[in-house]
């Protein structure tokens, strides 16, 4: 039986890949995304946190892009190129972990709200809707300000404010899955809540979850940079803190366009990549969208 | 509510006569009341949440409030008593709710003034900026979304969707910085042409010239806000219209001999507009986030900037007050959008 | 002269994967006041054919051949002329009354709309006409102020019929008018259509997967398979003594109303309708045919005479008739 299901999964994966390949945008996004993640992972092999240290800044201050410094330097003579490279680690880390947290909360709430009917599900939906109305950036700012700025609190602040949309999506999917006849059969055979949710619901919502995680990472990276820009940030260098510094030190009035442009383009490229991949995944995995296309 | 009516088909419905329209209105009223109740509950939850988040999270609130100032233990005690922090938690909560309901939001530590006064001063500029931005973003988004959705797959559609995705991925503050650099400061030999700080010039003239002055100050913040917000309106309108076009009634309208333009104007667009406008106002929280960022960058003296200042000091009383106000405003807007949608759209009116 | 004449009509969809032939060379004709039924499974091209009659297909569809309505080729009409013909000369009762009505407009406005568009009535007169039309389909006049969701499925279908009658057309195309209705309501709606058509002398083209329904309402029947007419003739004869094995299967199916399975695959007929992108060679039906011969895989089938006023596209019919014809020739000589 296992070999049959393995073969079936492999066939499904092959089919999925052949459909995904048809989405040119998604493919480009995937390449950019993989490149960004690899670069962030191998960064410590080439550079160290020193590139962000003010003391270590050896170059000329506010130097425009040149052969030696392709992306110029900042107010302390640090290399923008190396800082963007090193900063990608914080930005991507927070993006991934915050999205993961958001998805986990959303998944638990969504499946529970869809699975348990009656007042439990109703109460869970109320909580979800309440969180959904809260202006997420404002709430995240408050949380980050109160909890103090550390990587952990930023992740918490983003995760706590962004999960409700995932929860709604998952709940709808759970309801759809549980309406299928084999769930009835499973219940008749004595399957409990745990069995039904983990064996039947989860595998069915997993593909959609993948797509929404990808989109969630994109928005988490934007939120992280916005929080950092608004001053609620960890002390580590990220793309957001770099842009904050460029604002604080008046890069615009200094005419240091590279200081503003480069970190922002890094954010844009990565966020676009995640968005494109997420949309392509959605188009392939969500049959409703597929029919509309 | 209509379920029993619909179930008893068809003779029972025909027998019911015109009188059966009244329950629809009663249902609408009931719906509005239940939504209002839900909103009140949400607002109550905001009060509870605010109280606990601001008081129970790590750190001594007094020390938080006094951050960066040297205070003796005696001063701290005095301050604690002044703020009522020596009382039991329940009493504190009751005081907090009572004060808030009386619109006493406390006194800002930074400004030494009542939070409500500060908010009152800042409300006007925010409404001006966010209101103008919203109107432009909604009209532009709906117009372009309609064009893109009506001929989906066309070059215009691909261009629109592409730009929207790009704008959607751009962090608001970065776009603001770029616009500020290009149009405010100017690059290289090209001088900046637009003001980018505050709401008015230091030597602002009077009368009509003053309006022009404020208007010119508004261009860049407004542009930033619109660019980021309108992209999602465009996408919502587009997908909503694409969905409507695939419905049979649109084919019926064409079969009736209507011109394509009339099919669009009289059938597809009005139907797509209803859910779109609702979604637009449902997501007003997103606009609020954008306003905070934009006001910060362009030092626009509005609520968003006040909130930002509260965070960067940090001034917890001010933060708490602005947070509650913003959240309650968003909840009210959401509820209104929901109720208005139910009144306008007969599809959900009796559902 | 016949009211409607289809001459070698074909419809091809251009999709990403290539060209998808939905209708392949259909020729039919309909006399004024007559009723023609078109039967077939989902995907047989019958609904596409119906939509092609008033050029209502999406832009990626290409229609070939000639569609003569009162002697005028619909496919050659200019847009203005086409709009004038739509609904005034021929109107449509759509399938799935759920979505055929605009959900946010009162049904009275929707029935009056074609009258106003074609300039056939002023608003006041249109209102009176709406009341009259609603009366005709058995609904009270005050229903004009209702919204579609306030009506039951059967009532909505009645509204659709009233709408189709609005401009007193000479032809009504009814595309699966009773799908998704209860059996009782289905019978009521069918009776209503039959009566109204007879009363006003309107010609009717009715599309359905249900041969028994068509046989009840129509004089002539055309059975479609894979975009082609495979059998055509007087409805009673086609229904009771079908000559094409596919028509026989359809007639034997007596599908259960509302049961998608019986709609997709009539009883006694294995397999699925063919993929239009990869039609089998020879007779498109041969892979599912219970009486297929070896030659069916390569033989070009066409509609051969299978009796007085009847044709069928089956090799068995060809064999039988050619023997018959040969015999007749011998007798004559």
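Order of writing sets the labels: A, B and C. Residues in every chain begin at 1.
Quick note on the criterion: a contact is a pair of C-beta atoms (placed from the backbone, for glycine too) under 8 Å apart; a residue touches a chain by one contact, two chains touch by 3 or more.
Just so it is clear, the model here is predicted, and its values are computed rather than measured.
Q: Looking at the contacts, which chains touch chain A and chain B alike?
A: none
Q: Which chain lies the greatest distance away from chain B when centres are computed from Cα atoms alone?
A: Between chain B and every other chain, the largest centroid distance is to C.
Q: Measuring from the mean C-alpha position of chain A to the mean C-alpha position of chain B, what distance in angstrom results?
A: Centre-to-centre distance between chain A and chain B: 23 Å.
Q: Taking each chain's centre as its mean C-alpha position, how far apart are chain A and chain C in Å?
A: Comparing mean C-alpha positions, chain C is 52 Å from chain A.
Q: Quick check on the complex: what are the chain C residues that touch chain B?
A: Listed in rising order, the residues are 51, 54, 56, 83-88, 91-92, 94-96, 99-105, 113-114, 117-118, 139-140, 142, 145, 147, 149-155, 163, 185.
Q: Please name which positions on chain B make contact with chain A in the complex.
A: It is residues 41-42, 45-46, 53-54, 57-59, 64, 165-166, 168-174, 177-178, 180-181, 184-185, 187-188, 242-243, 246, 285-286, 288-289, 292-293, 296-297, 307-308, 311-312, 314, 316, 319, 323, 326-327, 330-331, 334 of chain B that touch chain A.
Q: Inside the complex, what are the residues of chain B that reach chain C?
A: On the chain B side, the touching residues are 2, 6, 9-10, 13-14, 17-18, 21, 247-249, 251-259, 262, 267, 270-271, 274, 345-347, 350-351.
Q: Any idea which chain A residues touch chain B in the complex?
A: 126, 129-130, 133-139, 141-143, 145-148, 218, 222, 225-226, 229-232, 243, 246-247, 251-253, 255, 257, 260-261, 264, 267-268, 271-272, 275-276, 279, 292
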